[in-house]
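Shared between the two complexes below is chain A, which has chain B as its partner in the first and chain C in the second.
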Partner chain A sequence: MKDCYLGVDIGSISTKGVIIDDNNNIIAEEYIWTEASPVEAVRKLVKILDEKLPSGYVVKGIGTTGSARKLIGLLLKANVVKNEITAHAIGTVTFYPDVRTILEIGGQDSKIILIKNGIITNYAMNTLCAAGTGAFLSSQAKRLGLDVKDFGEYALKSDNPVKIAARCTVFAESDLVHKAQAGYEKKDIIAGLCKSVVMNYLNNVGKGKKIVGPIIFQGGVSKNKGVIKYFEEILGQKVIVPENSHLMGAIGIAILARKNKTGHTYSLELEDTEFHTKGFECNRCANNCELLKIYRNNKIVDSWGSKCGKY
Partner chain B sequence: MNKVGIPRGIFYYYYKDIWTNFFDALDVPYIISPKTNKKIMKLGVKHSNDEMCLSMKVYMGHLFYLKDKCDYLLVPRIDNFKCNNQTCTNFLALYDIVSNVVDNPILNYNIDLEKNKNLKKGLYDIGFKLGKSKKEIKKAYKYALKEYKDRRKAGIKKNIKNLESEKIKILIVSHPYNTYDEMIGADIIKYLESNDIKLIYSDKFSSKEVNKLSLKYSKDIYFKYNKDNIGALKYSEDKIDGVIFLSSFPCGPDSIANELVMRKINLPYLNLIVDDSSGFAGMETRLESFIDMLGERHE
Partner chain C sequence: MNKISYPLIGDYGVPAQYLLSHIFKDQIVVPPPITSKTIELGVKYSPDFVCTPFKYTLGTMIESADKGANILIQLGGGCRYGYYAELQEKILHDLGYDVKVINLITKGKPELKRILGSFKNINVKFRKSKLVYYGFITMKMLQYMDKVDDYIRANIAFEVEKGSFDLLRDEMLEKFKETKGFTNLYKIYKYYFKQIKKVEVHKPDNPLKIGVIGELYTLMEPFANGYLEKDLANNNIEIKRFTTATYLLLKKKKIMKRAFRKNKVIKYHLGADGADNVMNTKWLCNHGYDGIIHIKSAFCTPEIGAMPIISKIAGEKDVPVLFLTFDANTSEIGVKTRLEAFYDMLEMRKNK
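Up next, the complex of A and B:
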């Protein structure tokens, strides 16, 4: 029997899972939509991965990352629960040891990670707003009556991207409506949108950081060829998009699970596991904390949300 | 009864020791609003203009919590500390805002060193207003000031000593009314401390020493508290592992000073902006990854 490790990255929009072996080779992978119910998405994901996993492997470690990492960590009894920045960096460095900059644009957040000699030296994340992320692009796609997947192709056709405000989604949207009504071509507007995502990212997240190559671009938006084009144009450097760029977080956390293995063997059968959460408001003090209790097989395993630490 | 109400916000974090000791010595009863909680926050948001910063909204919450529980409200106006040391316009405006929204009589004093109005004059005026004699006030003021200075010195000493720690050290560049507020900075501080990080606070440095150090970053900033903050950063630059800029949304002076310094320092930093809507999950991701990174660098 050979050992393998499961890494799950539960993002706001999509849920990604990979199983790797001791040499970091991907044995099984899957990418599905989260659809605002991470537990159901992960059940589905793990079932698919279990079917894809060739016989002769045993799972020796599970890691979770992404915004639902804590919750899913409890569901899967993961041995590693880590934030997505660390996971992305570890995944990327494993495949590109000399990487210096990671650009990442996801569904609702975007980040930049600077690396030197395989160690993170600085990073930044978008602060309050989700402007210039995947969510922005898909809502604009809906407005234009297109599938966001086709955005890249459209943008590449344009030689003359329209100028769209890069600062704020609300302004960008009114700019977009105005330009559309003024009669600009769809491809030029889409190209302008892609460019505004890049400008927004460099202004809000990049903020004067020195972007040195090799540059790796990841996250869902990295599948958009228009955005890649404008990154390269504005940065004046080549931007590498790994084939499995959307899986990098999952791969990173699987590697961490391997490094932190305890010898315990995991089962991927979740069907018998009963898992639910219960939210309630505590009225013991004026804070009225919204608490969440997490039950696994009808036994309370954790609860969070309390300010005072009573729960 | 002459009960004085002290809102636990903005000015409180600079003057609490002086005020409480002064009133204690004068035998004047006072009430301080409790630590900020959701109820106070809601009260503040309800009674604020939407463009005020979160710290102001919190202040308004404390004010409305207190208004029926005391006779006087203590609201100073702080304008400047001379030599290009202005305060944020909110520090000037609060007295006028407060006097427009509540009916309570206000105990007010001005700090405007350019016009020679200082803390001593201010507290004397307040003492007279409360019907105390000059002799009593003199004694109380002397006591309050000494107590304050001793405590402040001890705080600074401890803070500077932490710079020598072997642990991972993070400088919190923030205003005290954000750092120590229960709904703004407290969770962040708690999280960092539970992860065995040594914290150094930018407000616990001697202003005399660090204020002029800020000139090394920029000669154009004229906000006193921001100059102190970034001066503290200059002072500790070589001794810390990272910086966390913590501000309340949408702070004007911070958005100039902090953003400017971020582009000039050669240290890992994290910029956290707190709003009343923020849950802690997003904060936690940023803090956790920041600590991970500093841990790797530290080794």
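Up next, the complex of A and C:
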């Protein structure tokens, strides 16, 4: 029996899972939509991964990351629950030891991680708004009547991207509508949109950060060739997009699960596990905390949201 | 009869209550502690793009007014804070409260004559000598509180029995409320500081050290920063904070005057505590701190002006800075993720 480790990255838009072995080789991987119900998504994901996993492997560690990491950590009884910034950095550094800058644009947030000698030296995450993230691109794709997957191809066809305000999605959207109604070609508008994502990223997240090569670009948006092109054009450097760029967080957390293994063996059978949450409002004081109780097999395992520590 | 009340910030409600209850006896209304309801009220009746302290203090004012207060005290400051009192009074009038808001500081200076005049209006028996006597005791109390807090901040992360510092501190504050005079105050302080120093701590030789700087209200009111310092302590991090009531009331003027004369880091005032934070960044960088967390309330103009300078200074010394903005409805999870990543990063840097 060989050991293997499961890493799950539950993002706002998509849920990613990988199983790696002791040498960081990916044995099984899966990418599905979260659709706003992380528990269901993870159940589905783990089932698929379990089927994909060749016989002869036992799961020796589970790690969760992403915005629903805590909840899913309880569901899977994970031994490591870590934020996505650390997970992305660990995953990337394992495959590209000399990386200096990681650009990451995901579904609802974007981050930049600066690395020196394999150690994070600085990072930034977008604040307050979701401008220039995957969610913005896919909503604009809908407006233009396209699939977001075809965006990159379209953008590459254009030689003359239209100018679209890069600061804020609201302005970008109204710019886009104007340009479309004014009669600009679709490919030029899409190219302009991709460029505005890059400009927005560099203005907001990358502000004041020295971007040095080698640069790795990951997250869902890294699959968009148009965005890659404009990153390279504006930064004047080559931007590497790893083949597994969308899975990097899951790989990173799987690696952390391997490093922190306890010897416990995990089962990927979740069907018998009953898991539900119950939200209620505590009215004992004027804080009116919104509490969430989490039940695993009808036993309360955790509760969040309490300000006084009573729950 | 006139009833007087005041907004809350951190635990400074204790000295404020002490001072006012001795000057005006039973004419004071102790404001209820800040809860989610306070903020809800504040947000509901504030302009959307005003800074967050406005919302917090307005919430407290409405709650105190509901309890019967009709004279409310507001402090002014070197930024928009200076105009809070007038605007809040207008809002409260529009809501149908017959209240008067006294601004203690105008144009950056406390205008004693005006303040004394308005105090006289509250109670005709008001005597200046009483204000001076209890004022000095209150000042001393603030200084003692801040001294104890400074020690606690540096050590709370490493206490062996969790909660022992907080327990002693709460006890001390309770005793402070019933202080009888200077000697009594000093005795209470001496006793509890001794007890606090006796609390067993297991401090590693080289712990992670973080300096917390930023806008004063968000720094000093734990509710407004999502209990940031508690979170830092839970992650075994030593904390240094400059902004305290003692600093703002007594030391700031002198320190900044010197800083502008002797230092080449900063030439001009940035308003409020902007320049102070630039100076503090330099101090933290030079004293081996592992990281800096800069917090501000949304739309805080002086701090926005200070941020690029701070990141430049820290960048030169290779000290990471985490900028956090808090508003009345910040989702705590977003802040938690950034903080977690920040701790991870600092730990990695330290263990390299």
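List of remarks:
Here, the second predicted complex is superposed on the first by the 311 of 311 C-alpha atoms of A that agree within 3 Å, B and C clash if a C-alpha of one lies under 4 Å from a C-alpha of the other, contacts with A are read in each partner's own complex, and residues count from 1 in each chain.
Convention: a contact is a pair of C-beta atoms (placed from the backbone, for glycine too) under 8 Å apart; a residue touches a chain by one contact, two chains touch by 3 or more.
Keep in mind that this is a model prediction, so the values were computed, not measured.
For the composite obtained by overlaying on chain A, chain B and chain C cannot both be accommodated without a clash. Legend: residue contacts after superposition of the two complexes on their common chain; A:145 is shown touching neither chain B nor chain C. Once chain A of one complex is fitted onto chain A of the other, the partner contacts of A:85 extend to both chain B and chain C. Residue contacts after overlaying the shared chain place A:67 against chain B and chain C alike. With both structures placed on the common chain, the touch criterion links A:125 to chain B and to chain C. In the superposition on chain A, contact is made by A:117 with chain C only, not with chain B.
Look at A:236: by the touch rule set out above, it reaches neither chain B nor chain C.
In the superposed model, A:263 lies in contact with neither chain B nor chain C.
Residue contacts after overlaying the shared chain place A:56 against neither chain B nor chain C. Mapped onto the common chain A, chain C and chain B collide along 275-283, the only clashing stretch among 167-175, 185-193 or 275-283.
Within chain A, the residues touched by chain B in the first complex and by chain C in the second are 67, 82-86, 119-123, 125, 127-128, 208, 285-289, 307. Taken in their complex, chain B has these residues touching chain A: 37-40, 187, 249, 259, 262-263, 268-273, 275, 278, 281-282, 284-286, 288-290, 292-293, 296-297. Contact residues of chain A toward chain B in the complex are 67, 82-86, 109, 119-125, 127-128, 207-208, 285-289, 307. Those residues of chain A that touch chain C in the shared complex are 67, 82-86, 117, 119-123, 125, 127-128, 208, 285-289, 307. Note for the complex: chain C touches chain A at residues 32, 35-38, 308, 311-312, 315, 318, 320, 323, 325, 333, 337-338, 340-341, 344-345, 348-349, 352.
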